[in-house]
């Protein structure tokens, strides 16, 4: 029982960080119908930036989010502008899958060029600090990371619900043509949306770098998890991806603790398939009247 | 859209395969045969993928799972040195049929979803297969990998059987593509790709044709995997179920032109040598991935529909002068005819 | 004329909290051109989708040719003689006009392995295209057709299977008036040849000319049933649909 | 096949090559890079190597490259092998088996190298060694000592490490079992990375421990992509074994240790098969918490093996840095070259048949100790047990080569 | 108003297309359209499918750039302007398909109509004004737009189009898919727009209703303007009726006339 609860605590804390990465991914899908296979590599890029800031200039990894987030925001905007904007036609979804994969490969190549393939991680002085609460271990980094994810997700929610930009994003998601006719610049929304998605990756990356060892190739594992999360949650549903991330975090942590780590991701993929068997649109993917 | 076998088409295919058949006999250098074997392997994979990803419009990103299953089937059957020789080649049809049958329920589940989600679900398939390959140690050897008994072929012609096996796989995949296109299966697949709901509504046997395409495609890919395992001699979950193999098949079909007969072949004959060249020319300086990604992006941005369709489109446009006019006339005949003299009402 | 081709019995469908179709019952008799009219949002298209197997009803029963449709599947129903068209004409743009017809002609599993367009397919398609005066377009990609032509093509295609009952979802929406006349003519010809129609349509003049009986739907259930004359005098119909 | 090719090839070969390339349609790119020359017993000694310079194994691949390059420059400075300058053809296999097969085929048939050395990792070594065997080339390989390599029963293969990889931890078992019974641990816990090199090491230790009555209280295998060790190590900590054995690579070893520090769990003995033997990366990853951790090694900066000091100074002269940062893989690769040098010196020949025949007899001094092999290339020696003492990696067992006695129980974590 | 008016730069001409060509890819859909729209009038475009009616609207609103010819708005050549710039000049386009954002509230939808305005107070004020003109906005203010019936949605779309106080409203088949009652009220709303001094360019397949509400009308045929005239004159012309209005125009329908 003790190990079960411990596993659930861990799973929830980890799930929070994945929720952050996945929310950016699903946001990008919602706006542009682009399955962003580069989301994982953007997280890794964020982690490397944090690493450099920390080792070269001693910037605290949590504080470095203030630098990495805007930086990756710009990267995201640039990527959208240069590589995704030119795509058009009926199969943009499929093309963008490959384009974002190419971006992932390219960034991976750049990172190996700059950093090599050595696994690194970010080790601030408090990296190994943990509390014991009622006999359960709660690591400081994990806890702060979780809270931070909640804060960033909250900000994202506010931006989408309360700002004019958020309204234009939602409008573009729901009816791009109509939004354009009202003066919403779809390219600009897409660029900003992609930037926002990349920014969440940066925030998650800074945290990821403290929790895990990583190298340029780490993005393959990340992206496979992110994809299952966003599909499980229902493509385009941010709330869904948060729930799915928590489900995934807890599921893999519990299976890991009670059975074996070698089956933990497997369990999750199987859960995904079962869910899709019953609900092909994922947990929160909507099927509305008139949609056929 | 004409689907008759034209004489030019037959000649093209004949010359292509004749040249490839002759390469080992004429005796190109060893490296050529080796590179060609992998090139033809990818052409066969990509052509097989094209059956479901191109013609049916279901972009499977998990096909390497079947490749891996085929590879493991060979490795498991010929792990000892008891059989060997040509036996692994003779077992290929069994592997192909077995995997095709196995893929039917998998296809049935995953094709409940559409395009984007389907792509992602099939990625999941890839990771499930990889995990199973790691975890079912008793059968697969797990992380220790599994070797195939070395082939007892003479060193001078060692590559030949593998080369010809791959070539036969490519010919088979292309023949099946051709057959699909010319039969009602292809017609039905085209409706599935265009508008699956509507296809249901006009009585198309959607599930049947999708599963036929998926199963045939998976079976072919598994057979190629079987040849590959024997050729490489040692397999390991991450090698046999490598996401890059999936991406390879997809990318090559995209480059040459999805849903075309020659597109995947053309894509493979450009990308595989290019990839090898980049690995050798830039590998040491770490720029290999970047160069590969750049090629990738250039293709997607400038030839989004693939080389063959883009060329065809350009030719079409050149012919548009005459044909376009004819088309307008044809269309005009059914439209309510406008008054020949324009009358202005005031 | 009293044989019930289609019977809809207490059909209900909800989307989220909204009840789109509510205990809806009606019948379509063989040999009629029945109209299904009603204000926007009254559930006409949802009924269509359930009858043709695209949606599963939450409760209620649908009988076609006296048999209950237990597992609604569009393709099965189509093969049993129930065809439909869509509000937005849906055709296969990459296929030729001829292929659009051939693919809708219906074929068994064995024919699946036969030629893409056999000679007999071609003959049948040519005949149908001739009736619709589309024969000159046979070899063009359907993508090249105008919207009105697409509507005709979709209609022609679903007739290829010799259906008993054809459901037309707003056959004249977005079609220019002259083409509407053509469409009306085709419906009449087919009706004379023995096909039963169930039509959702907002063009009241067309409905009044063409259809008998008329079913009026409001808030997911029929509020009136009768001849066009009866319907347009019915105060509930005036209130809910025609406006007064 | 790439950069270091010289001389004119026969016209006929060129004709064939280009006709075939054209006929095949689009192999031109590879063709451009190609310009094979014939192998000969004079001129430079060409050695072909495929390394993983990109992809999963690229770190070690690059370390191996440094070792090979260093050996070539050292030997060339002293006049080469039998007076022939050594020329290395190093190509990238991107950690892919297809590429490794292609590369060795190309190196042998097209670049016509005189010798080949092995790639990095057992996974690539198996397919690569088969190509070499087919062409009767000797296959001296510094990395790739998993069971699958030796199970092939190839007689041209020589693994340049003291023992097969799976025996990497046996020296730790030797040490523990050498303790008097009342001082031995009673319980043990195992965390094994599921890859060809790591889990078998721990499994081998476990087998011997269990035979000696040390109870297994925790045993868990985790997949390669496991980034987070906390769940496993909290299970370990709950079981509270006296000795913790990690069958690990680098990153997971670091993560294991970070996790036990967080969990405030301090076993009496802690062994990591890999990672903890990395003099540079390990302290970088766990900070001051290195103290008392055991690992095994074949070469390390303080090694007393003959030639080690010279190797270190040459290395630093060529690449900079300090001795503690040198990856053992570089020393292993360097040793591969040393073997060729010695065979040449002894027999006056460097052809493959001679190398295979000569290496099979006798014992050969290298940076990783004196090596001798069974008929299928498995080395017959053993590793050294190393421990972190006073911030340095120090040999502690076997006693003959030890520079310090093992410290047990392990000191508390620095925090 | 005359189709080939040369003196169109009178203050009363709001929009003037001359020899406009436009299309997608290689093919041209508009093959030289001449059209003038007078300030304060409703102009209705009719014609067969594929004649290019919607394309005319897109060319005016900037969804599509004209390949040749000129598009003058208030005397200014707007042919190279972006759709946003044209929006800022008071050209609003209400497309044929349902164009509300279904999960946003009615109120949010209306607010979106003022997207290009930076003054938030002004946007709110306009929205209140619009809500007075279109009672549905006030009545269903907090309802999700997707939950409204088709007719109600069209009303909200019209309301939203007024947010920029536009000079010219482009309406693409506003009555498509609407039931008769909703149609009547939509056409009533359109008539009201003109009464308030707006100019409307209307594309309508439901030609009789369209012509009935229009001051002027033009028949588009294969990418060119074939005829122009007042709405009533086209309705009354038997030749036009035969060619473009179909059977339904052969005298008032008995069915509806009895009502």
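Every chain is named by a letter (A, B, C, D and E) in the order it is written, and numbering of its residues begins at 1.
The rule is short, and it goes like this: a residue touches a chain if its C-beta (ideal position, glycine included) is under 8 Å from a C-beta of that chain, and two chains touch if they have at least 3 such contacts.
Remember, it's a predicted structure, so these values are computed and weren't measured experimentally.
When every pair of chains is scored by its C-beta contact pairs, the maximum goes to B-D. Among the remaining chains, D is positioned farthest from chain E, on the basis of C-alpha centroids. With centres taken as mean Cα positions, chain C sits 46 Å from chain A.
With each centre defined as the average position of its C-alpha atoms, the distance from chain C to chain E rounds to 30 Å.
Taking the mean of the C-alpha atoms as each chain's centre, chain B and chain D sit 38 Å apart. For the pair chain B and chain E, the distance between C-alpha centroids works out to 49 Å. Each of the following residues of chain D touches two or more other chains: 54, 56, 194, 223. Across the assembly, chain E contributes 48, 50, 243-244 as residues in contact with two or more other chains.
Those residues of chain C in touch with two or more other chains are numbered 18, 54, 146, 148-149, 176, 178-179.
Interface residues of chain A, counted against chain B in their complex, comprise 29, 33, 35, 83, 86-89, 91, 93-95, 97-99, 101-103, 105-106, 108-110, 112-113, 220, 224, 227-228, 230-231, 235, 262-263, 265-266, 269-270, 272-273, 276-277, 280-282, 292.
Residues of chain C touching chain B in their complex: 52-54, 73-75, 78-79, 83-84, 86, 90-96, 99, 102-104, 106-107, 109, 111-117, 133-134, 136-137, 140-141, 144-146, 148-149, 157-158, 161, 176, 178-179. Interface residues of chain A facing chain D in the complex, by the touch rule stated above, are 2-3, 6-7, 10, 14, 109, 112, 116-119, 121, 123, 127-130, 132, 137, 139, 211-215, 217-218, 221, 253, 256-257, 260-262, 265. Note for the complex: chain A touches chain E at residues 164, 167-168, 170-171, 174-175, 177-185, 288. Those residues of chain B lying in contact with chain A across their complex are 59, 61, 109-110, 112-117, 119-121, 123-124, 127-128, 131-132, 134-135, 197, 243, 247, 250-251, 254, 285-294, 296-297, 300-301, 304-305.
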